[in-house]
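The block underneath contains the structure these notes are about, expressed in structure tokens.
Think of it as A, B and C in the order they're written, each chain with its own count starting at 1.
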Amino acid sequence: MQFTAQQIATLIQGKVEGDPETTISEVAKIEDAQKGALSFVANPKYEEFIYGSKASIIIVNENLQLNGGIKPTLIRVKDAYSSFALLLEKYNEIISNDGKTGIDSTAYVADSAKVGKDVYIGAFAYIGDNVVIGDGVKIYPNCVVGDKAQIGNHTKLNAGVKVYDSCVLGNKVIIHSNTIIGSDGFGFAPQKDGSYKKIPQIGNVLIEDNVEIGANTTIDRATMGSTIIRKGVKLDNLIQIAHNVEIGENTVIAAQTGISGSTKVGKNCVIGGQVGIVGHIQIADFTSINAQSGVSKSITTPKTAITGSPAYDYKKALKSQAVSRNLPDLQQRIIDLEKTVAELSAILSEKNISNK
Amino acid sequence: MQFTAQQIATLIQGKVEGDPETTISEVAKIEDAQKGALSFVANPKYEEFIYGSKASIIIVNENLQLNGGIKPTLIRVKDAYSSFALLLEKYNEIISNDGKTGIDSTAYVADSAKVGKDVYIGAFAYIGDNVVIGDGVKIYPNCVVGDKAQIGNHTKLNAGVKVYDSCVLGNKVIIHSNTIIGSDGFGFAPQKDGSYKKIPQIGNVLIEDNVEIGANTTIDRATMGSTIIRKGVKLDNLIQIAHNVEIGENTVIAAQTGISGSTKVGKNCVIGGQVGIVGHIQIADFTSINAQSGVSKSITTPKTAITGSPAYDYKKALKSQAVSRNLPDLQQRIIDLEKTVAELSAILSEKNISNK
Amino acid sequence: MQFTAQQIATLIQGKVEGDPETTISEVAKIEDAQKGALSFVANPKYEEFIYGSKASIIIVNENLQLNGGIKPTLIRVKDAYSSFALLLEKYNEIISNDGKTGIDSTAYVADSAKVGKDVYIGAFAYIGDNVVIGDGVKIYPNCVVGDKAQIGNHTKLNAGVKVYDSCVLGNKVIIHSNTIIGSDGFGFAPQKDGSYKKIPQIGNVLIEDNVEIGANTTIDRATMGSTIIRKGVKLDNLIQIAHNVEIGENTVIAAQTGISGSTKVGKNCVIGGQVGIVGHIQIADFTSINAQSGVSKSITTPKTAITGSPAYDYKKALKSQAVSRNLPDLQQRIIDLEKTVAELSAILSEKNISNK
């Protein structure tokens, strides 16, 4: 497929600077782009690449100031990042239309399951009793959807996803391979002999619309009620969401982070990778948590930024971290001071200079 | 299903306070419970909810003191937490009896495998050569049990569990979805050209009775001998247990913790989430390790509590962490002291006051 | 199978010390070895076990000095560790030849897939359209290989591995169960209403020859171009490799480590467990990163060793960590100094001793 600069500009409401008949047939990163490629620059750090670029077309912000000598045709738009995302999305729609459709003859679909229109259920997928599957759903090979689970319209389960019984997924949810929805929460009652008794986990997981979840992530079902992932949440790979947690709308969490039981995370938070959050606390809306932080207390003020383990104010923590590298030096300076002060005291004492 | 307060009280050896004919048909958290619900309060933090609760029946500790005006029927027992757990367990038995039984026609079971009585083997499950499966075992869809593996009585493998060849699981073990038992330990011999040669991992994994393991956890087989998970151990999701590790009886480990090769963890330890433990060390019985700790040395004294990375005494570490937040202030105070002391020294020098 | 000391010595070019006709039928750790077992000692820590060992044959380094009274037959070699590895490998070849061959009748192999010679494709495995599979490849049950993916010669996918479409694996690659190759990178463009728009991930993953990857690890496909794992890399379990990352030749990474997007790790690095590395940085060749480190800046000098979060020079960090344990003491000493210095100042002021 080939597209002209003018076709693309029309699509993203941009203005062509250069030959509108320039054609592209692929997309590439600005630093890698060759003739025939479309690229974009949104981050000022990458502006330098524009000058020597072999790309045929580059999408840039309308206010970007450039010196002369630019060979590629430019398309200026309000927001190069979003415009490029829009193009990629359309490109993706084309390539992601992998032609998979229908229920594979090797899939197991319970008689009591209700399956919508235009659905793909791949080989060796298992759809349990009384499952409800919406329209346009794609379930790839080796997925398992437990009894009474519900899958909303246009939701996609990549190969190997396991949804336990009674869990509910909304519309346009994307879940990556081998992620687990609805495993038992980790709840055990200690017994007098030192052993533990399992607290049955009879709740479920509720995932709202437009959520995307990475690969090999685990979301436990609630002890009672629901573990809830609100609409628009984006979870990366290998994340642990414990029982009865609630993640607020549009919150984004990077890989390998773990959130302990019953904690409620607000909306529009940005949480880095490998963060740990203890159970039974609240995280205010718009909280920003740096990678590898350990959060042990509720964050009550929205838009707080924290880091460290235990985590506290981001800027203060950075200062303390900087000083902590000088600790051996600080210790030596204390030792030196003690010595000097002891000498001064001795001198005064020797000379009988005192308050007495 | 409906139960009366009297029926429940009889079951858990409790005493009804209120109408013994009150009926419930569901269970709920005390803060959510509506008419028709059974709930419990064991944690004093939740006692306040009793007063306004719409629950029909609440299980409480026998020594709980309450002011008047309680509407729900109470059942007083020695230990509300355990009694509620017992009820949940019975409730769970009823609901978890999902009717799954028999060997699905799409499952693959090797001719040489020995399968016990009352077994469920779900769709697309694979049971290899010479596998031995006990009575009452449930193996959900898409599980793989490798050649010569053994699965004890009443053990449950949720969908997608993979058990490598020759691994041995005890009785009443529960393993959650996509957990891996018996993958190769991470052992490579460095070669002179900078590459590595695989050390074959010819041991296995041995899991004793009553162990529960969460989802997407990995337990590597031993290089030689066995990686051992002793009876009653509870492992959460996304945990890494390396080759030749041994986890002692009734030890509980939270999500995303990793234990390196050949380390032996004692019994009845409580290990938080995201903890890392180096290889070839011993952790004494009843050790308590705080979340995100990094344990680099053996713990030789039982009942030790540690935190931090590197981890040491819990109380001392908390004090150091508190002080570390004031490091910029401490640094400034050292600078101020140095200035003052230099001034004092200068004064004394000026006035010819010295020890000489 | 039985082997004599002489047979083994010939194989590993060693020298027998004792009866060359001694036979063994199994391998065991030096501390566990019984009559009939072959063991080895390479680490000086384990030398003491040689004296009381019941092993029939022990492989040791040629320069190992021992006192008398050794019962087992010894085989002296240049490098006991590598020689034992070589033997284990040959032993492993024998035992790992599990007889699995051919394409199982329940496997799904697309008509357009090209499959090499001597291939095993297990039950319920799914091989998509236009997949290319080399000679001697083993794909265990419940694996999924997406459309257009390529699998090199003698590569082994353990049960449950999922390879997304268009990913490319080299020769002699080993991937453990339920690991995901090619899930979407975590890329979202923030929108004005606080929601996020998915940046389509249209690249792939490229894995070169002789790579081994543990269980439940995730390697995301590139946004554009390839996420690259160079030849000889060894990745442990539960590792996260984000989009557009490149891992250099022969680099070894322990379990639960995460590497953020677009970071380039050099060759022959050794990275501990639970390490986090931010995106868009470079790590020089031969870098050594301690477990649980958080790496926030590029490492530009080869052979650097770092630790801590944020990570810096290994030796300096260890010193600071040691001092940090004394922080409450240091704080008290500052308080004491402030008091003493204030007293000295007061005395001088009282006696009208000043610079004025």
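Criterion: contacts are C-beta pairs under 8 Å (C-beta built on N, C-alpha and C of every residue); 3 or more make two chains touch, one makes a residue touch a chain.
Here the structure is a predicted model, which is why all the values come from computation and not from measurement.
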(message) To test your reading of the model: what rotation angle superimposes subunit A on subunit B by C-alpha positions, in degrees to the nearest 5?
(response) 120
(message) If I list every residue number at the interface of subunit A and subunit C, are over half of them used by both copies, so same, or under half, so different?
(response) different
(request) State, to the nearest whole Å, the distance from the C-alpha centre of subunit A to the C-alpha centre of subunit C. (result) 25
(request) Note the residues in subunit B that touch 2 or more other chains, in rising order. (result) 106, 124, 142, 160, 178, 216, 238, 256, 274, 309, 324, 326-327, 330, 334, 337, 341, 344, 348, 353
(request) Could you pull out which subunit B residues touch subunit A in their complex? (result) 27-29, 32, 81-82, 85-86, 88-89, 91-92, 95-96, 98, 104, 106, 122-124, 140-142, 158-160, 174, 176-178, 210, 212, 214-216, 232, 234, 236-238, 249-250, 252, 254-256, 267-268, 273-274, 291-292, 309, 321, 324-328, 330-331, 334, 337-338, 341, 344-345, 348, 353-355
(message) Which stretch or stretches of subunit A touch subunit B in the complex?
(response) 106, 108, 124, 126, 142, 144, 146-147, 160, 162, 164-165, 178, 180, 183-184, 186, 188-189, 191, 194-200, 202, 216-218, 220, 223-225, 238, 240, 242, 256, 258, 260, 274, 276, 278, 294, 309-310, 312, 316-317, 319-320, 323-324, 326-327, 330, 333-334, 337, 340-341, 343-344, 346-348, 350-351, 353
